[in-house]
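Below, each structure is written out as structure tokens.
Okay, so subunit A shows up in both of these, paired with subunit B first and subunit C after.
Then we have the complex of A and B:
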């Protein structure tokens, strides 16, 4: 395939894989390990996507490749304390929290108490070891290792992450918090968290993913989540990315939606030097519902790329997508929103909108809605706006005495609020606003 | 209070105000009437400090200071308030939070302590009653989805909270039914005082039955072509503006 991939430096991970295997002692004959090896081969064959690759046109990852990240090592007891993770918790929110340090499960920092008996929320590593039959029917069946370099890389180095299995008709009222903390090292590290979430028939759950740094520094997170929504189930994900300003963050999510299921995603990006999200949902049966919300705020030279795909493969499904970006200084944004409506998918209802405000002359956004519609009886709309802050509102506020920079910040909050408000858990929404305010050097509006 | 001298204002290269002279003393209420497009809102917005309105000649003194030198927020903190002809919708910011920010900005400017949530709520309750505004509106985003009348009432409510020294009302009565009009006028009358002045822009004499002006000015094509007492408004209601325009042309 022409030069849309670049093989340069895949040797680095080939060598790293040998060391990784040694560390796994004894597990190298398992089914999972066969998958790892297959994924590594696939990665070696693919290499890295270049900007000639249609899906990577605006995101250049050469600095990521040059970094030679080492594979992170398992968590050592005592490395971090409860105090270190407290600032990433949501006060007033009752939730179970699984903490991962550099991608590895840290049991002593986690709170998995009072998990309903028949619900499984487990470290993926443990489940793979102890109960592979539970995992294997679904694992790596949805996120493709064949054509996406970073999914194959994640799967090759797969070790830890979360496995959630919600049985039929169980409704988890408290969300599950997956907290990923990276501890930057003088030798930059890569971690590969991996999630598999299975929502049984008529079940319901929310999980929160927070990606944060223990301190500033360079590191690389390559994460993949697969979510299976069985009939009439509802899964909501709230992802909050507040990585270090020097971090590389590449994430893929694949949701599979069966009949009458609802998938709701909130994707908040505040941190990271280079961020790439691929968020995909596929309707495998009728009457599914999918909502994708995103808010990203970039400054300095941050690069934030969101790619979403909603695959309307079946009739009578509905999707609603709203992304909002705020870019300042030399930040770069990329938005690509694909909506496929297959020939079979009559009565599809799909709405997409992407609005971005540029606060400086040097900030840029490349945005591309991509609707491919092969059915005729459908309702699809999309809109994209790029603009500045609302001048009339700005003047109106100043005419009421509100000082310039304050008025500006309030308007930025107001712009973002349409997305942030979709987060229904008050403590989570409040915390997001707090982190956002910190980023803007502002006070959070009440 | 306000002294406007030979004020010329251009917007995008077009001269809109062509030499306005207007002096408002403390305690006075002035009304400005005039046909559509004569420059009434332009005058109001220039006084509030809107960008894009270029003063090419003349001066404006407010409490003896050069008003045109001040930023919009500074003017507001000094006690100038404009009730907008077209209030702006700001989705995502609650009316209450918006107002509290404005009020506390003004208090900070005046060297006063920030008003806390409890005192502010009390003030809101009291003023909401005064202008008979539904408290539900206050929790909603600023003007978003408000009816025309609700927006106007909200302007007066904001004025009541911020308690300005110079209140400029740009067609606050347009689109109000008679009850609402009475309430709005009542709000203004309660704020009046020997140290407070108002500039009331309107198309309708009926407002001036409730807010009785000391002087009525007629603005036409960027100039004040006639000033008189409250009876001038009655005369205008009866005869329209044409006779005045003709007279003005003859003089010129």
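Then we have the complex of A and C:
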């Protein structure tokens, strides 16, 4: 276990924690704060993962460590206007929208009206203050603070985020949009949004997470989401990451699936200098279903790392995973998809597929699809391909008079669409394609 | 069903067929490892100064290294001071023909099913048999010598062709490579050396048979094969070991070098003693095998059938340095009872238009764990490189595990890499179909498994393919039900 963690400048966060504590006035004796302190200790003990750490083999975070990020401050009224967040909204989509600025809830920008009674969609901080009993049975119970540095760091500095609690048999037709906007400062800031989503029996909901920047600049987002899916519930998440080109984005998601539950995740990465997603789902009972879709597109020197784990701990569960990447210029992509099939998890059906296109000789991809299987009556497959655009299709289009650069773009677009198409809300899907097209625009003609 | 179970139980209780000890006086050094032991080994082998220095450098390097623990296997710590690093049948005089070999030794080989003299006449296979650590007889040497082919034990090659050994030794697997390769470099006692001169196509399959006999001895052999421009050679390696309760260590190194337009085909059938049904005893097989396609259009092909050893830890790799070079890896790894295997390959594409194919078939039964671990790396300059990997796992029983850890690293746009993996079990309806047609469940499983491995078996030379099929059947016994 030597060398896989590096103490780096963990002291920086130790000092920052003292200042952070002072700001919390009055809260320091609460249960939540005890958890924060425990997490900080855990972070101090762990330090940062190095590339010797198997899970961080291809992602070097030394530039992140070298930045001394300050802890972001609460939102001040009037900092941003409705106009500023306009461009991140999905036109034509009826949704409630919770807006967070630098990780802090901005109620004046949010739209929480017509939320059905007894459905709780709240800022996490407010819930912790007013109704801690709602939060405590699940909070920080699934995302482990003991072995993952960035989860412990997030938990140490946790302050705000979203709390959603859908009662039994409630079906939310309209999605919930969580918009996380970072406003970069001259001194780089770090924010730690934290989400807890509890879907009651036979409930259903979709939420959209958008991570965006108000303007270009360096900052660090370390976010953690925990999702609990009770029996027969269905939760769909659509995550769209369009952070600043200089931003650091590290996100962890832990889903817990009870019997007959269904979890669907769409993970779209377009922005950020360094992005790391850890998406884990665990089947706690039979007949669960999990779908993970991902699309990432990188150019310049972007580094995009997606790690997924599906833990088939119980029999008769099914999972389906599809990740697609497009890498141009000096972008680096990492994909690691793990499928665990525990002893006795018979009748498991797991499919995983990872396709990647490299558009430039400087771009690199490191992929590691991994199967660990301890049961015999299972069907598991994984496939990974790395290649280029289909020459025949390209020729076909060229023969019909389509310009070089357009033909290329069309092909790339078609490649990515397979994943984006899975988003069922038209306005969201169109907006994602629009953002993606903007990014493609920067593509150099060959 | 109960009848079937009894039948299966009977088969499962069948002991390791090759577990006998041969009583031959051995010449061994004391247990333990230090510079004196290395000097003693070197002296016994009458080696030149450069060899001793190389061994000592490796030993000093080894002392600084830590035993790796990343493979997906578990085993009790190995006491490196409790191993006899050199053991040789006591025979000082030089052997000219098979008649001079100790008849006891020849009988051992007969039991193993490789009667040297018979093979010599019937199959045309030249055998360099390694008994413990010293090569005892090399057949067909004269015939090969006519073509300029050097096929001899490593020690003989050191005496007769030191310049060749010096030129190539450690150039593919340096003594600093890894813990077990360094250990091997320090203490290796013998092995095989093959040199195929320019433009020569080796007319017969070359073969070595390894066998660990004396208790407490580690087998540290080293094989070096050099195929000069435009040459071709097919090399077979087979391994067995007697039954012992304690674990024995086997840390071999194989280096292959293919120059321009040369081709090397290396086939292994490994059935070291796998330990008993409770997982007691067995060989720890920690092997470093690597080939370098140095030249333009060169080709290296690894085929392995791994059915033995308590623990297998090996990754036959190919460095594709020359343009248009080709690397292949075909593997069947079967684990039963408490066996553990962590095996796979590395294909490092460095030259342009290089191609590699990986076909790995893992079969786990009983309480065994079987892992495929592979790396496909395409360097920036390896334009138009192509890789296809397929790794399938078959699970027999619900107590075993099958794992895949493929690493794929691509650094340019003109290359294509495909990787596919599946995991499955034998379907009940397949068995039912066979039963219906009068095949016992045991035979049905054998047939299905053999069909599953066919892609790999057809890469094996004829004699080996038959042996491999039988071996698979023996190893699978008792796993059905």
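Quick note on the criterion: the second predicted complex is superposed on the first by the 440 of 446 C-alpha atoms of A that agree within 3 Å, B and C clash if a C-alpha of one lies under 4 Å from a C-alpha of the other, contacts with A are read in each partner's own complex, and residues count from 1 in each chain.
Definition applied: a residue touches a chain if its C-beta (ideal position, glycine included) is under 8 Å from a C-beta of that chain, and two chains touch if they have at least 3 such contacts.
Values in this document were obtained by computation on a predicted structure and should not be read as measured data.
J.: Answer with first, second, both or neither: which of subunit B and subunit C does A:382 touch in the superposed model?
T.: Only subunit C; A:382 stays clear of subunit B.
J.: Touch check for A:8: first (subunit B), second (subunit C), both, or neither?
T.: So A:8 meets neither subunit B nor subunit C here.
J.: Applying the touch criterion given at the start, work out whether A:395 contacts subunit B, subunit C, both or neither, answering first, second, both or neither.
T.: Touch status of A:395: first partner only.
J.: Contacts for A:404 in the overlay, against subunit B (first) and subunit C (second): which applies, first, second, both or neither?
T.: first
J.: Looking at A:413 after the superposition, I want to know if it touches subunit B, subunit C, both of them or none. Which is it: first, second, both, neither?
T.: A:413 contacts subunit B only, not subunit C.
J.: Identify which of subunit B and subunit C touches the larger number of residues of subunit A.
T.: The partner that reaches more residues of subunit A in the superposed model: C.
J.: Give one of first, second, both or neither to describe whether A:92 is in contact with subunit B, with subunit C, with both, or with none.
T.: neither
J.: Which residues of subunit A are in contact with subunit B in one complex and with subunit C in the other?
T.: Subunit A residues touching both partners: none found.
J.: Can you name the residues of subunit B that touch subunit A in the complex?
T.: 48-51, 71-73, 75-77, 82, 84, 87-94, 97-99, 101-103, 105-106, 109, 141-142, 158, 162
J.: Quick check on the complex: what are the subunit A residues that touch subunit C?
T.: Spelled out, the residues of subunit A in touch with subunit C are 54, 343-344, 346, 356, 358-361, 363-388.
J.: Spell out the part of subunit C that touches subunit A in their complex, as residue ranges.
T.: 70, 380, 393, 395-425
J.: Sort out for me which residues of subunit A touch subunit B in the complex.
T.: 390-393, 395-404, 406-407, 410-411, 413-418, 445-446
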